[in-house]
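Next come two complexes, and both contain chain A; in the first it sits with chain B, in the second with chain C.
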Partner chain A sequence: MTTLVCIKRVVDSSSEVVLTEDGQAVDGRYAGFTTSAHEECAVELAVQIGGEITVMTLGDADAVEQLRAALAVGCTAAVHVVADPQTFGPADVAREIAAVARDGGHDLVLLGNDAADSGDFQVGIRLAYELGWPVVNGVSTVSVADGVVTASGAGPDGHETYRVPLPAVVTVLEGGVEPRYPTVPGRMKAKKVAIDERRPTAEPTGPGRVRLLLPPPAPSDVQILGKGADAAPAVVDLLEQLGVLAR
Partner chain B sequence: MIVVLVETTPSGEAVEVSREAITFARSLSEAGGGVPVDAVVVGEPSADLVATLASYGVRTVHALTGEAFASYAGAAWASGIQGVRGSSVVVMAAGTPRGNEVMAHVAAREGVAMAANVLSFSGLAPFVVTRQVVGGAALEEMRLGDRPAVFTVAGHAVEAVPAATPGPADVQVHAPEVAAADLVARVVSSEEPEPDLSGTLKSAKVVVGAGRGAGSSEGFADLLELTDLLGGSLGVSRVVTSLGWRPHHEQVGQTGSRISPDLYIPCGISGAIQHWAGCSTAKHILAINTDPDAPMVTKASYAVIGDLHEVVPAINAEIRRRQ
Partner chain C sequence: MANVPASAKVVVIGAGIVGNSLVHHLAELGWRDIVQLDKGALPNPGGSTGHASNFIFPVDHSREITDLTLDSVRQYKEMGVFTESGGFELARTEERMEELRRRMSSAKAWGIEAELVSPEFVKEKVPFIETDQFIGAFWTPSVGVVDSLRAGTIMREKALESGALTVVPTVEVVGLDVEDGRIRRVRTDGGDIEAEYVVIACGVWSPKIGDMAGISIPLTPAVHQMISVGPCPQLAEREGEISFPIIRDMDTFCYERQHGADMEVGSYAHRAILHEPEDIPSIEQAKLSPTEMPFTSDDFDPQLEQAYELMPELLGAEGAEMRYAINGLLSLTCDGNPILGESLVKGLWTAAAVWIKEGPGVGRAVAEWMTHGHSEIDVHHSDIARFHPHQMRREHTRLRTTESFIKTYGIIHPAEQYESDRDQRLSPMHAAQQKLGAMFFETAGWERPHWYESNAGLLEEYGDATMPREHEWDARWWSPIINAEHLQMREAAGVIDLSAFQVFDIEGPGALDTVQRTCVAQCDVAVGKVIYTPVLDAKGGFLSDLTVMRLGEDHFRVVTGGAHGRADLQWFGNQLTDDGTTITDRTDEVSTIGLWGPKARTILSALTDDDVSDEGFGFLTCREITVGGVSVLASRISYVGELGWELYVAMDDAAALWDTLLETGADHGAVPVGIGVYGTTGRIEKGYRAFGYELDSERSIVEAGMQRPKVKAADFVGREAYLAQRDAPVQSVLCTLVVDDHTSASGVKRYMLGGEPILTRSGEPLTDGHGHHPYVTTAGSAPSLGKHVLLAYLPPAEASIGNQLAVSYMEELYPVTVGSVDATALLDPTNDRIR
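On to the complex of A and B.
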């Protein structure tokens, strides 16, 4: 059993987002970087499934940081397709992941449901078509037994379960498992793993991006009623004034 | 034509975000010289559903039926849509989990691009859409040069409005052959969905909101008491439902309910654009947050800066004292 987990280094959107001059990308110089919660859960699920786990990313040189973080929590090997992810569209990324999956002889590929930056909601599904494998999308628990993946998550028809034979692609939504923190020995071990660096297999066709924009800043005319518990009388005055408090 | 995948509730009604998607399709149709808008539904549509789709200006309702559609399989739905799409220029859906998934299947099978969570379009030739990226912190203008153009519409980006002139909404029932490979990944069992109580949330005059600031599933007692004292409903952020602290039908936002109460009191909610999409039409907003710079605070009409676990009990006590 060997699993491939796909993660992406993304800007932390809780910090202020700044764009590059040409509007083609988020300016990483002022940003913090992270991996999305969906992908952290995909890594955790892979570790719980066990066996050989390769973590891969298509990203610039700095994406090594995210690969090491995944190695520190239990992934056993790492592949780094070194490229500028901003110039790769979802079909391009799917093709590169497919090449890594074929080459590594993996039976299961786990991805996030959607990347935290591009939010394309499609790389996993395109990957499945590249490989000719079934894909289960948007699940939060995944287990494997006797060559069959059982995966489940919340759907509009209730809590839904899928069962598909390996090889398969599964995209993960956060919430089903709690990603573990790296231990000190885990970090030490991660440092020693040699990362398999590769070039992309083909020129990207790109994401179809014309440009990025920032949403217009919203003017604020908020009235601060107070700080902490002391604000309670002012709040209840307001509730009375708005007529939402039955008297 | 423009083909819109329409999702239905367990009782067979068109969900609000699908009606929004049809409304979006109509504005696209108007800009494009009146190309007809067709709907695809899964299962036999009820007379009520057909009437609703007619009121939204739909020309033809394509119903996908048969064993292949008895339980959900994303690839099978995509295959069914491909079978009815003919020479359509656009295939689209609402930006729900199913909508995004099925459109990604359609795009991969057709070998075309797909844009998720589109807010608006700005040109037809070339066709350029504006969509949410970076968790809503930025917008992307994206060219959709391929035909069909495949995309999903972000929830509550437009309001669902019936058409000025209703469509005929002729029903065509299809029972297409679906390849075995498209049925490998299908739902094999589903537990009863939690009862959908979002109706009371959507019509509530007062909604008390709760986000990650609630801290844990045990952190809701004071918030529920405030909800009770105000005779309102509890609404939560997606973080709260993803972490399983509260049921999904309580979620407010792009992938939850849209609320328009007289007063919304979001507590410990940052006010991400996807949450804002569900509450921006509240008449008054009173934000309670530890962070004076949180978008929810700056966008609110009123705010209290502080820990909700201190502020909310104090408000409850003050209400009880005055009663």
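On to the complex of A and C.
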């Protein structure tokens, strides 16, 4: 049983999002870079499933940082398709992952549901199509037993559980598992893993992106309920309203 | 965004540890109508205080930093936010052990309990440490951690309670208005505030705020990486934030500090990662806080491994994860000291580049300074006025801090020179000096020959009289050639480049009043007289000692050392009378060449038609003469105890004069002589004091043994205090000591370099009337005496000629004897040589 888990180096978007001047990407100068939250959960699920876990990314030289972070929490090998991710569209990325998946003989490919920066929601399905494998999208827990993947998550009508045979593609939504932090020995081990560097298999057809735009700032819904002790009744009302306190 | 008051007596910008401490101390000292601003929210507005590791190791080689730290610890304790943990500084190498022995000297000198201990001793207190990783440690029981955010809140609230303070958070300063050289108003996004005083206490943002008023606050935001690993069961089983001593792993530039169940590992080992203040993210843009930048793990990985080797069981414990990791921003300066004091804009003060360990002490010192014009603790090394123009460039700060960052835990020789951004100020003789094999040391950006390899031939001539040093550390940044040059100068003559002197002219109707009010010595003298004088603050402490020449009825020239020259320039500028009297910096127009030695008159006579006999050119007089066809202002004075002159010459003519003096001098045995002689050996044989060594604002004329029989009638700054000091019993006495035996236990002869504690013969500590312990202020060879000489302030009871004491050097005692208890020189006490 070997798992391929796919991650992308993205700007940490937990603070204010700043775009680059050309509008083609999110500017990571201040917030720094990370792995998309969905993908961190995919890595965690892969580690919980166990066995050999290859982490892969398509990205520039700096993306090694994210590969090492995944190695530090339990992935056992890493593949780096060295390319400028901005010039690669979802179809390009799916093609590259498929090549790695075939080459490595992986049984299960885990991805994030969508990347935190581009949010295209496409790679998982395109990958499954390319490989001719079943795909389950948008789940938050995954387990494997006897050659069958059990994946479940919230659906429009309640909790949904799918069972598909291996090999399979699963895209993960955050929320089902708590990604672990690296340990010191894990980090030291990760540093020593040789990363398999590869060239892309074909020229990219491109993302087809015109430019990114920031939505207008959300209107502030801050209300001052009062100051000091005078605010207490209003706070109690609100807590009751929210159901935190019983009426 | 909040609205600010329309006016204030003083606006303090910043609510980190420094701003909070400052508003508290200003309120304590009676200031009212204080407004404190911060662009962040309280209590943690997002600056460096918010992510500080908050531990304090009190021992530093610098007395100033140690005193600020000790004062801060006292204040933290009073506020109940200090937890004593003890701390170890580990040595992995013998070289580091020697540095820890030197650290013991500083601990003893500053009166801080410390001990050198074995790895087993460390293991007893820190059971999860691997003893095979290090060979010994420096144990300071008084190390501890503080809650700096809580301390800031307590101090701010005290000021609020007293009614002295209005605090306005979440308001950003967008401009500072300066009118007629004075700060007038602070512009913010919440309105403008008219203010008489403004203090920039903005940590890493200070340069950006300073720029708004056109002043340079030369610090750079720099990354200090830190991770937090936990929960560690070994830590979790003990209650409280910290119950194990803090470890500083000096040779890996790392520290390990317990924080509850987590172990924080911090590093100064990575490459210097510097930022520009303008590039720090806003509060909205920042993921954590503006000064907690994204962690760059690659930079930290090597340290992680070293930390793991030291504490594998703890850092590798089951369940212990790296839960927090930042590139924390802190402030660095080109010389490692804070930036405090009034800027060139009147009323605009600075208090920046301060660490948690100094914060409350700095707050008190700056508040006192703003109130009285001086502080109890001497902070002249931190005075913003110290910066020369080349040091105000961001490039300089960047280059120097890049070089010094890696030395945060480094072993730094007291004479060590920077390598980066050198050659900023070259004397006209520089090219000639290079040919002479000059070893250049830097002062105030000037490249000054410390000695000349061209004089190496003198070593043979003088032999053992050059007092060669056997130990590499003692001889580092030193050469016996210095002593050979010294002997040759005393034998014949020496020519010394003194271009680094800060020279400025005070001219106009109030010139006499200005110098009279600034200087202790009588300056109402005949034109052509030279005056050596202390300059005091109002409490009677030294601000400087310098020479003044009266060049005309309304024209005085001040000559002072380069290192502290900018501060002197600013101080005199502040004393100017308001009647069109001007102060003009001549430093870059005038070069100075010294000519001293028994042959000095012969040499000068050969080059001038002017009368330079004792009758024709008396001691402490100056006048224009022509030397070798070049017009010079000659001043008969000496800092090396020899007959001779300082020759002030236009920069353009200096190289020619230098060549002429050396050429003609050579016939009489004159050689080029470096600052090694001028700054140390020449002066200490004569007991001459130096500002920054023997003299600072905590020292008085009386204690320095420099009082004259009379005090001039004219008023001057510090006069009242000085008169009182003359009548009061002295608490300490500056003495000259001679080392009787240099032989160490290993048989190698050792030579002290300065900073060492003076103890009784049997090694017991001494304490003066101030509660201070004597330490060596200057150490150096006295080749004409064949002795190694030390200067130190001793308790009055110990200040008697012949008294036998000891100096502790690298943890061994060496016998010393008091040779002089006032300014009386050990060499030529009757000053015959100067005539």
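Note that in this section the second predicted complex is superposed on the first by the 193 of 247 C-alpha atoms of A that agree within 3 Å, B and C clash if a C-alpha of one lies under 4 Å from a C-alpha of the other, contacts with A are read in each partner's own complex, and residues count from 1 in each chain.
In the analysis below, a residue touches a chain if its C-beta (ideal position, glycine included) is under 8 Å from a C-beta of that chain, and two chains touch if they have at least 3 such contacts.
In this text, all values refer to a predicted model and were calculated from it rather than measured experimentally.
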item: Which of chain B and chain C A:139 touches, first, second, both or neither; value: neither
item: Comparing the two partners chain B and chain C, which touches a greater set of residues in chain A; value: B
item: Chain B versus chain C as contact partner of A:182, first or second or both or neither; value: second
item: Which superposed partner A:32 touches (first chain B, second chain C, both, neither); value: second
item: Which of chain B and chain C A:77 touches, first, second, both or neither; value: neither
item: Which of chain B and chain C A:173 touches, first, second, both or neither; value: first
item: Partner chain in contact with A:67 - chain B first, chain C second, else both or neither; value: neither
item: Touched partner set for A:43, first chain B, second chain C, both or neither; value: neither
item: Which superposed partner A:53 touches (first chain B, second chain C, both, neither); value: neither
item: On chain A, the residue positions that both chain B and chain C contact, one per complex; value: 14
item: Contact set on chain A toward chain B in their complex; value: 10-11, 13-14, 17, 19, 26, 89-91, 113-114, 116-122, 125-126, 128-129, 132, 134-138, 154-165, 168, 173-175, 207-215, 218, 220-236, 238-239, 242-247
item: Of all residues in chain A, those that touch chain C in their complex; value: 12, 14-16, 18, 28-33, 65, 68-69, 180-185, 187-188, 191
item: Touching residues on chain B, where the partner in the complex is chain A; value: 7, 10, 72, 74-75, 96-98, 100-101, 104-105, 107-109, 113-117, 128, 130-145, 152, 181, 184-194, 205-206, 230-232, 242-244, 248, 262-263, 270, 273, 284, 286-287, 292, 295, 297-307, 310-311, 313-315, 317-319, 322-323
item: Residues of chain C that touch chain A when the two form their complex; value: 229, 279, 281-282, 284-287, 293-295, 297-298, 301, 304-305, 307-308, 315-316, 320-323
